[in-house]
Structure formats: structure tokens, C-alpha cells
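Look for chain A in each of the two complexes below; its partner is chain B in the first and chain C in the second.
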Partner chain A sequence: MRIGDHDWSLDAIGRHRWRGRMEPGRLLALARAVKDEGGQLVALWGTDDRRDGAGFGIHAAFLTSAGLAWVSSALAADAPAYPDLAHIFPQADRMQRATYDLLGIRAEGAVDERKWLRHNAWAEDEFPLRKDHAFRPAVSPRGPEAYPFIRVEGDGVHEIAVGPIHAGTIEPGHFRFSVIGDRILKLEARLGYAHKGIEKRFEGMDLATGARLAGRVSGDSHSAFAWAYCMAVETAAAATVPGRALWLRALFLEIERVANHLGDLGYLGNDVGLAFGFAQFWRLKEDWMRMTASLFGHRYLFDRIVPGGVAVDIDDAGRAELDALARRIGAEARELKAVYDEHPTLQDRFADTGVCRPELAAQLGLTGLAGRASAQAWDARTQFPQTPYDELDVSMATQRRGDVLARAEVRFAEVHESLRLISDILARLPAGPVHAPLEPVRAACEGLGWVEGWRGEVVVAVRIAADGTLDRVHPHDPSWQNWPLLEMGVLGNIVPDFPLVNKSFNLSYSGTDL
Partner chain B sequence: MAATLILRKIFKTGFVSEPAPHADAALRTREQALHAEILKVFGQAVAIRHVDAGSCNGCELEIHAVNGPHYNIDGMGVKFAASPRHADVLLVTGPVSRNMEASLKRAYDAMPEPRWVVAMGECACSGGMFGESYASCGKVANVIPVDVEIPGCPPTPVALLQGILAAVSAGRPHAAG
Partner chain C sequence: MSTGILLQAAQTLLAILLAPLLMGWVNQCRAWLQGRSAPSIVQPYRALRKLFHKDAVLAHDASPLFRFAPYMVFASMALAAGIVPTLANDLPFSPAADVIALVGIFALARVFLALAAMDIGTAFGTLGARREMLVSFLAEPALLMVFFTASLISQSTALPVIVATLAHKAFAIHPSLAFAAVAFWMISLAENARIPVDNPTTHLELTMIHEAMVLEYSARHLALIEWATAVKLFTYSALGIALFVPWGIAAQGDVAALPLALAAMVAKLAAGGAALSLLEAVSAKVRLFRVPEFLGTAFLLAVLGMLIHFLLEA
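Up next, the complex of A and B:
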């Protein structure tokens, strides 16, 4: 595969997905070449390969003009290190720090070496994701942990500390605002509170149970993670999935996208005092969830995507019902869009609030829905489609403003596009089985899955051991890239607008805390 | 004019919380039963403080849903409070991550008595898929006393309301400590 004027000798592992191994120095050169052609770093993680007689491994997934490239470098068993990538792709910063906390693999030359996922649940010299790490039950409840926030100093500057428990129903995380009056000078997030050891938990699991766990990395993106995981496993096992199953997976993914966008549009209204918007969109969302439950047996489609296919089918009556509801919700969402467009207070609060300009978005790697609202025109369903998206002709929604209004506009556009896709999928659903059991895995193998979830691209890398159990799974949520942009987007805004800006991104805590 | 559009939409929508064409009849009976029970126990209202102690955010989706117009919890006297100091019920989701252990205990300690703890979802009840590990304390009862456990992944809004009722109608809250 060529990037720039160089052939990086990567092998195709499924459509639009590439695999390569190289020296750490060459990895750095590849990162520069990807950056030069306008690509991005999507994910970065580590592995403990010492049981295979090797040392550690560092892995990166790059978004390139040819698709997603998964590149690895072997590192020493003693004091493993690789060259810092954050000076090329700033979004690598927290991923590198998390990789150190979990595996003790250091990014050499990194500017920020503060801990990230480690609070005080394990010691500084303990690395829980190493294979030889022995879990010692916690000695006693520990007090609040200390973290060196970057201080802003000067006359009249003060700090507002929020979280990890927030006033509303929000996931746990800490936000440290430095303000003058009501104006935000700096925001620094401290996450990791929801770290529950997901990656360690995968180890030794059978493939079917792994799909259930993958779907619970971030519950609101269940279908995206479950599909990406299954795509990775099926690639590794060289399995063929029935066509109808793939179309049903896309149906589930679009149902999930519509559900989340409807909920967010309601909350965005609520956050500017338009309770009408909340009531209306949450009425539509509840109708949607009840339909999902009645057709597929679960309001959020949990555990419906399984290795080898899907666990549930839809009949003709169900197709007609879902299609009718999709059309009604589309019509009602248009009526509500007219209200949002006409509402002066809402427009005033949405416009020019929480701005991420396209240049900054490109520089820092803003991705997914928020990226598209800042002119980052990437959508895997459009540019690098897997079946059935290659036959669906997905229209990508983009905006240039990069503010709350733009992120709301992208959601409105995507609701309608997803509803159109749902009707299209229901009309063209191929006949046939919805599941084909996987052949037992008899040799170590690996695979990568890549799905455009409602928030952005979800990537899951999987390594299966020779006994057919999971050896290492790394699930990646797009919130990794986007959290730092939230911090930039609120600069110069007033503190009371933070909830609105935060909701307009609606990033996952669990998905990145792992 | 936005106001005209809003009023038109409101009149067109009608009341979804009352007997409505799409509403499940069985559901409504339960909602009304819950209403009467809560009034009997509290004479007025019950305030809930939610703490996500490490959930996957699936349970949070249903807490949001229960605040929607179909369920009319405000009308039933159920309110979500911004502080544990204003709460009768602590609603906890997720396995308790070790990074949230101290914060959860402090929220519990901040509540006035009588107080009830409701563990919502498979993870809060048993540790769920995440279990106990270097990063997870497992179920909520491993960290603070629990009065009611609502299973489900995630529990439906109706199951959630029934669980909250089960807590406040049990009669014997935990003593301090």
C-alpha cells in the first residue's frame, strides 16, 4: 500500500483494512506520511507478547486514503519504549499515557507523561494488563487521588472543580475549569473514573461471550462495538457471514444512530430552556425503543449481533411496521426542526457556542459526528463501506461552523439519512439465513473491525489464541480523539454554556475509561 | 413564528402520559399503582440521587427514558435531585469501579436519613460481565448497603419504577453506618 511516495508493504485484511509490521522508527515515518496526506491517527494500544518469546508490542490504527491501516512494532521485554507520536498526532497523548498505565510501555520523548487511567487503585510500578500481573484485592478504601492539573494563575483567576459525580444523570468524570468571572480560560478533564478493567476481562473469554462484553464497552454504542468486534473475529477466523445478517447488522446500527440522535436533539433543546424539545424528541425516542423491543426483543438491541451473524430476524409484518414508524418519525422530526430553526433563543444559544474551527479540528483529529460538524469529511459508511453500505450510497452530512448549531444540524441530517437507509434496507433485505456458526479456531490469529457508529468510528482489534479463546482485545471509542476538542471548544465561552457544549459532543466516558 | 409552531405541535401531540393510542394498558395500571403507593408512603414525593459508579452507560439511557413524557414521573411524585443531601433514594448503576469507590461512599454518607439504596442493573446487582478485578469492586453491595436490586441489562423503565417503589415501601431503612 502506498502512502506519499513510499510503499509501506501492508497487506490487505478485508475490505479497506490493512495490516503491517515495522520497526518503531519506521512507524514514526509512516505516521508523518499519513499526516502529510491528510490522514489521522485513530487508535493506539499495546500488547504483552512475552509469552510468545517476544517482548511487548505497540499498535496504531491510521486512517489513510486507502482505508484503515493497523501497524505494529515489536518492543523489548525490558523497559519497552517507542517514539512519541503525539507531536505528530496530538490525539495520541492520552492513548499513550493509558498504554503506559496498563502495560508500562513508554512513549519516548512525550511531553506529557502524567498518569491517565491509573488513579490510586493500583501502584505506580504495577501494570495490570501485563500477562503476569497478579491481582491483589484492594487493601482498604482509598481517599481521593491526587492529579497534577495544569494551573492557570493571575489576578482574578479561580478554579471550579466539577465531578466525578455530576448534578444530572451523567457518567463519572472530573472537569477542572479555570475562569475569570464566568468566562472559561482553561478546561482540563480528568477521566478514568469508569475504568473497570474491560481489556483484562476479555482475556481468556470465548468468542461469543466476548461479543457481549464488546457491546458493553459503551452501552449507547452497543451495536457499533458488537459489530466491530464480530467483524474482527470473523476476519481472524476467515468466516463468511450470510448476506442477510450483514444487512440486519446495518439495520441495527442505523436504529441505534436514530435513537441516540433523537435523544441528543431533545437534550440540546432542554439545555437552552426549551422543555418542549425534550418532551417531543423523547416521546419519539420512546416510540422508537418500544418498536425495537417488540420487533427484536431488546430496547437497545443488546446481544443481537453475534459472531457469525445476528441472533434475531424480522418478518414481513415487522418490516412494514418499522418502515411506517420510520416515516412517521421522519415527518415529526421535520416539524420539530422547523421549531428549532424558528426559535430565536435556541438559535442564539446554539450559534457560535463551543466552536471548533475546521483547522483546529484537522490538527487535533476531531472525528465522527463532531468532526463532520467541523468540516472533517470522514464517514466510513461513505468512503470505506463494508457490506451492505457499498450498496446503500450513504450521503454524508457535513457543516463548517463547528459550533453547537452545526453539531445539531449534522444530527438532524443524519436522522433523516438513517431513516432513509432503514427504509431502503427493509425493502431490499436479501433472503437467506441470518447466522452461520464459525468454524473452531485452531491456530492463533488476529483481526480488525471498523464500524461508523453514531458517535464516530469504532475500531476493535482482536487476537485469538490457538485454543480459540480471546488473547487480547482492544476496543476503541472515537471519544478518545474528541474529548480534548471539547476542552478547546469551550475556551472563551461562559461556564453556564458548558453543559450545552458538552451535550452537543455527547462523548462516552465508559468507552474511553475501559 | 416558533410559538405558533410549538403550540400547534403541542395540541397535535396531546397527552402521551395519559391513556394514549400507543400506550400499553398494562403499563398504565402499574404506573397508577406506583403513584398511589408512593403517596401512601411519603404523603408527597421521593427524591432520587443517581450515581454512575462505573456503568457502561446503558442503564443511564433508561434513567433518561423514565424522565420522558410517557412515564410522567414528576406527576407520580418522583424527582431526581442534584445532590445526595436532598435525596431519599440513592440509585446506583454499574459495577463499582475502584476509581469510584471513595466517591460513592461519600455520596452515601452525605445522604440524610431515612435513606434507601437501589442497585440498578445486572452489574450493580452482581458485578455483571465486569465482575471483580484489579479495577472493579463488583456489585454495589460490596461497597455500601443495598435495599433493592433491579436486575436487567438494562432494566426497563417500568422495572426501574417498580424497584424504586420496592425500596420506599419496604418500611425499614438502614441505620447509620
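Up next, the complex of A and C:
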């Protein structure tokens, strides 16, 4: 595969996915080439390979013009380190810190070496994701710890500390605002409160149970994670999935996208005090989820995507029902959009709030839905389609403004596009079985899955041991790249607008705390 | 005289006891307008009962001021409820304060609440207190201007005189009062922490104004503050009725007119509450820094009302 004017000798693993191994120094050169080409770093994670007689491994997934490139470097068993990537891709910063906290692999030359995932829950010299570290379900906290937030100094500057426990029922996260009056000078987030040891939990699991866990990495992106995981496993096991199963997976993914976008559009109305919008969009979301529950047996479609296919089929009556509901919701969402469009106060609150300019978005790697609202035109369904998206001709929604309004507009456009895709999928669903059992895996193998979830690209890398159990699974949520942009987006805004800006991104805590 | 004291007590108690009902009515209307099934109209009473049965939790750093403030706030609102004529006019309490002193009573409650919010030293309390002061220092002068417009018509700042002039003398149309009424409505929204200035139902700490000040309160203290909030809404509604639609309020000593006065009051409050919920259902909350523009408009309207009074009548 060529990037820039150099052939990096990567091998294709499935469509639009590439795999390569190289020296850490060459990894750095590849990162530069990807950056020069306009690509992005998507994910960064580490592995403990000492059992195989090697040391540690550092892995990176790059988004390039040819697809997703998964590149690894072998590192020494003693004091493993690799060259810092954050000076090329700033989004690597937190992933590098998390990799150190979990595995003790250092990014050499990194500017920011503060801890990220560990909250004093394990000792300085303990690295829970190493293979010689036993899985402990309950970890005793070692008391509060000091985290060096970046201080803003000057006349009249003070700090507002919010969370990790909030007044509403939301996920835990700490936000440190430095403000003058109500104007935000700096925001720094501190996450990791929802760390559950998911990656450790994967170790030794059988492939089917792994699918269940993968889907629970971030509950609102269940289908995206489950599909990415299954794609990785099926790539590793060289399995062929029946066509109808792939079409149904796409159906589930689009159902999930519509449900989340409807919910978020309601929340955006609620956050500016327009409870009417909240009630109406959530009524639609509720109708939608009741339909999924009655057709597929679960409101959030949990555990419907399994290795080898899907666990549930749809009959002709169900297709007609779902198609009718999709059309009704499309019509009602259009009416509600007119209400939002013509509401002066709502427009005033949305427009020019939480702006992420396109240049900044490109520089920091803003991705997914929020990225498309800031002119980062990446959508794996359009540019790097897997079956069935290669036959569906997905149109990408983009905006340039990068404010709350733009992110709402992208959501509206994607709701309608997804509803169109759903009708299209229902009409063209191929006949045949929906599941083909996987052949037992008899040799160590690896694979990568890549799915455009509603929030952005979801990547799952899987390594299967020779006994057919999972050896290492790394699920990557797009929130990793987008959290830092939220901090940039609120600069110069006022404190009471933060919840609105935050909701317009709606990032996952669980998906990044792991 | 004794009838007067009896009436005074009845009217004050009625205001305090009915206030949560008005709150429940507004909540119910709003739920209907949003297409939700509504909570019971007596839900605020249940919430109060629940809070009074709980044990209070106090911050370690809370000073006696923090514990005293809820009683002060409630007492101020109860006093205000006694002064504003809801059923009968010119009761024994009425001479105690004219409209200017009434603004002072509201301010007193606010100062105590803001001090209590800052007392425990949390970021949210200070944040709420600061925003509350931003809103109130703009709302108070506008409110005074509204009162002055009404006072100019009746040549007095005493509420009984204003009500008597407007309701019990020959019927006259006062265009100036139309402007003052709109201004008063806008000020009431700001003073009572309603949309579009504040959102009484929000869970987002960072956006709160009034709610941020009372975040640390619990049990009986919170109950008193919530109740005082309801009484304040009731008093403001009664004040609006007294100034702009006073017909039906019984004249001094006219006991026979009381049943009709009660019916008129309930009807006017129901209509006012429904109008408030309608406004809240169709409005969104403005950006905090637009609140000065909102209250500036209210001030301007009040001044316009006064100018029109001079242009047309003086």
C-alpha cells in the first residue's frame, strides 16, 4: 500500500483494511506520511506479547486514503517504549497515557505524561493489562489523589469544579473550568471514573461471549461495537458471513443511529429549555424502540449481532411494519425540524455556540458526526463501504460551521438518510440464512473490524489464541478523539452554555474509560 | 376592625395554602401543552410533605445564617402575601407597606438567599448568587417603574388606593397600563425564575440561577424555600391582578362581595397560570447574557407606559 511516495508494504486484511509490522522508527515515519496525506490517527493501543517470547507491542490504526491501516511495532520486554506520536497527532495524547497506565509502555518524548485511566485504584508499579497481573474484579481505592490540572492565573480567574457526580443521571466525569465571571478561559476534563477493566475481562473469553461484552463497551453504540467485533473475529477466522446477515447488521446499525439521533435532538431542545422538543423527539424515539423490541426482541438490539451472522430474522409482515414506521417518523421529524428552524431563541442558542473550526478539527482529529459538522468529510459507509453499504450509496451529511447548530443539522440529515437506508435495506434484503456457525479456530490469529457507528468510527482489534479463546481485544470508541475538541469548543463561551455544547457532541464516558 | 383582622388572617393563610396549588396547576398545564401526561395538581403538596418528613443534611461549613435563611425567606414571602390584596381591599396590614416597600421585602428575601448560597462556599452557590444578583438588579428598577406608572394614575403608592381607584371608581381605559402590564409580566418571569430567564425544571447545574442557590438545602429547609417560591409566584400573580385586572376584589368592609371575589380570584389565577405555562411551552431559555436585554426591554416598556400617561392624561 502506498502512502505519499513510499510503499509501506502493508497487507490487505478484508476490504479497506490493511495490516503491517515495522520498527518503531518506521512507525513514526508512517505517521508523518499519513499526516502529510491528510489522514488521521484513529486508535492507539498496546499488547503484552511476552508469552510468545517477544516483549510488548504498540499498535496504531491510521485512517488513510486507502482505508484503515493497522500497524504494529514490537517493543522490548524491559522498559518498553516507543516514540511519541502526539506531536504529530495530538489525539494520541490520552491514548498514550492510557496505554502507559494499563501496560507500562511509555511514549518517549511525550510532553504530557500525567496518568489518565488510573485513579489511585492500583499502585504506581502495577499494570493491570499485563498478562502476569491477575484480574481483580473489586479494587480497593487508595484514597483521593492529586491530579495536576493546568492552572489559569490572573486577576479574577477562578475555578469551577463539576462532577464526577452530577445532578442528572449521566455518566461520571470531572470538568474543571477556569472562568472569569461566566466566561470560560479553559476547560479540562478528567475521565476514567467508569473504568471497569473491560479489556482485561475479554482475556480467555470464548468468541460468542466476547460479542456480548464488546456490545456493552458503550451501550448506546451496541450494534456498532458488536458488528466491529464480529467483523474482526470473522476476519481472523477467515469466515464467510451470509449476505442476509450482513444486510440485517446494517439494518440494526441504522436503527441504532436513528434512535440515538432522535434522542439527542430531543435533549438539545431540552437543554435550551424547550421541553416541547424533548417530549416530541422522545415520543418518536420511544415508538422506534418499541418497534425494535417487538420485531427483534430487544429495545436496544442487544446481542442480536453474533459471530457468524445475526441471531434474529425479520419476516414480510415485520418489514412492512418497520417500513411504515420509518416513513411516519421521517415525516414527523421533518415537521419538528421546521419547529426548531423557526424558533428564534433556540436558533440563537444553537448558532455560534461551541464552535470547532474546520482547521482546528483537522489538526486535532475531530471525527465522526462532530467531525462532519466541522467539514471533516469522513464516513466509512461512503468512502470505505463494507457489504451492504457498497450497494446502498450512502450520502454523507457535512457542515462547515462546526457549532451546535451544525451538529444538530448533521443529526437531522443523518436521521433522514438512515431512514431512507432502512427502507432501502428492507426492500432489497437478500434471501438466505442469517447465520453460519464459525469453524473452530485452531491457530493463533488476529483481525480488525471497522464500523461507522452513530458517533463515529468504531474500531475493534482482536487477537485469538491457539485454543480458540480471546487473547486480546481492544475496542476503540471515537470519543477518544473528540473529548479534547469539546474542551476547545467551549473556549470563550459562557458556563451556562457548556451543557448544551456537551450534549451536541454527546460523547461516551464508558467507551473511553473501558 | 375585628372583621378586618379576621379577613387579613384568612387572606394571608389562603395565599400561603393555595400557592402550591397554583404551582401544581402551572405544572399540569405545561405537561399537557408538551403532550405529556400531567402530574396531579396536588403534587407540590406531596413534595412538601415528603421534604418536611426528611432529616436535614447540613454542610460542615454552614453558619447559622444558612439555617436561618429559609425561615427568613418564607417569612418575607408570607408578609408580602399579606400585603397584596387578593380577596378584599384595604386590610389592616395594607398600610404597613406601599409598593416600594413591597419591592424591599422581595429584595430582603433575595439577599438572604444569596448570602446563604455563598455561605457554604461551593462553586454552584456562588455562581447562582452572582447570576441572581445580575437578574435582580435589572429587574428591580423596572418593577419600580411599573409601580410608578400605576401610582401616577391613582396619585398614591399605596396598593389599596391603587386598587380602589382602578376597580371601584368609574371605569376608565388607561393605555399606559397596557405597557406597564407587559413589562410587569416580563419582570415576573425573571423574578420567579421562569423560562425564558431561568428553567425551574432543569438538572443541569451549570445553567441554573435560582436552583443553583438552593442546591445544598434539604428537608425542611428546602421545603420552606420551595414553598416560599410558590408563595412568591402567587403573590406576583396577585400583584398583577391587583394592578391590571382588579375587578372583583371586594371593597373595604364589603363582606357580602367576598364569595364573588374568591371566584374571581380563582378564575384569574387559573387563566394566568395557563397563560404562563403556554408561554413556557413555546419559549426556550435565552442565553444568560441576553437576560439584560430582556429586562432592559421590560424597563423600556415601563418607561414608555409612564410617558404615555403624561402625554395622554397630564
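Points worth noting:
Convention: the second predicted complex is superposed on the first by the 505 of 514 C-alpha atoms of A that agree within 3 Å, B and C clash if a C-alpha of one lies under 4 Å from a C-alpha of the other, contacts with A are read in each partner's own complex, and residues count from 1 in each chain.
To be clear about the criterion, contacts are C-beta pairs under 8 Å (C-beta built on N, C-alpha and C of every residue); 3 or more make two chains touch, one makes a residue touch a chain.
For clarity, every value in this text was computed on a predicted model and none was experimentally measured.
In the superposed pair of complexes, A:Ala338 makes contact with chain B only, with no contact to chain C. Legend: residue contacts after superposition of the two complexes on their common chain; A:Val495 is shown touching chain C, with no touch to chain B.
By the touch criterion defined above, A:Gly168 reaches both chain B and chain C. Looking at the superposed arrangement, the partner reaching more residues of chain A, out of chain B and chain C, is B.
By the document's definition of touching, neither partner reaches A:Ala351: not chain B, not chain C.
Of the two partner chains, chain C is the only one that A:Ile160 touches; chain B does not reach it.
Once chain A of one complex is fitted onto chain A of the other, the partner contacts of A:Asp182 are limited to chain C, with no touch recorded for chain B.
Contacts of A:Gln280 after superposition on the shared chain: both chain B and chain C are touched. Within the superposed three-chain model, A:Tyr509 lies in touch with chain B and out of touch with chain C [touch as defined at top]. Once the two complexes are overlaid on chain A, the chain A residues touched by chain B in the first and by chain C in the second are 167-168, 276, 279-280, 283, 343. The part of chain C that touches chain A in the complex is made up of residues 30, 33-36, 123-124, 127, 130-131, 195-196, 199, 201-207, 215, 281-290.
Chain A meets chain B in the complex at residues 119-122, 128, 133, 135-136, 138, 141-145, 164-165, 167-172, 192-198, 200-201, 212-213, 216-220, 222, 263, 267, 276, 279-280, 282-283, 285-287, 289-290, 293, 299-300, 302, 335-336, 338-339, 342-344, 508-510, 513. For chain A in complex with chain C, the touching residues are 159-162, 166-168, 181-182, 269, 271-276, 278-280, 283, 343, 345-346, 348-349, 494-499. Looking at the complex, you find that chain B touches chain A at residues 1-2, 5-6, 9-10, 13, 16, 22, 24, 50-65, 67-70, 80, 82-83, 94-95, 97-103, 105, 107, 128-131, 133-137, 153-154, 156.
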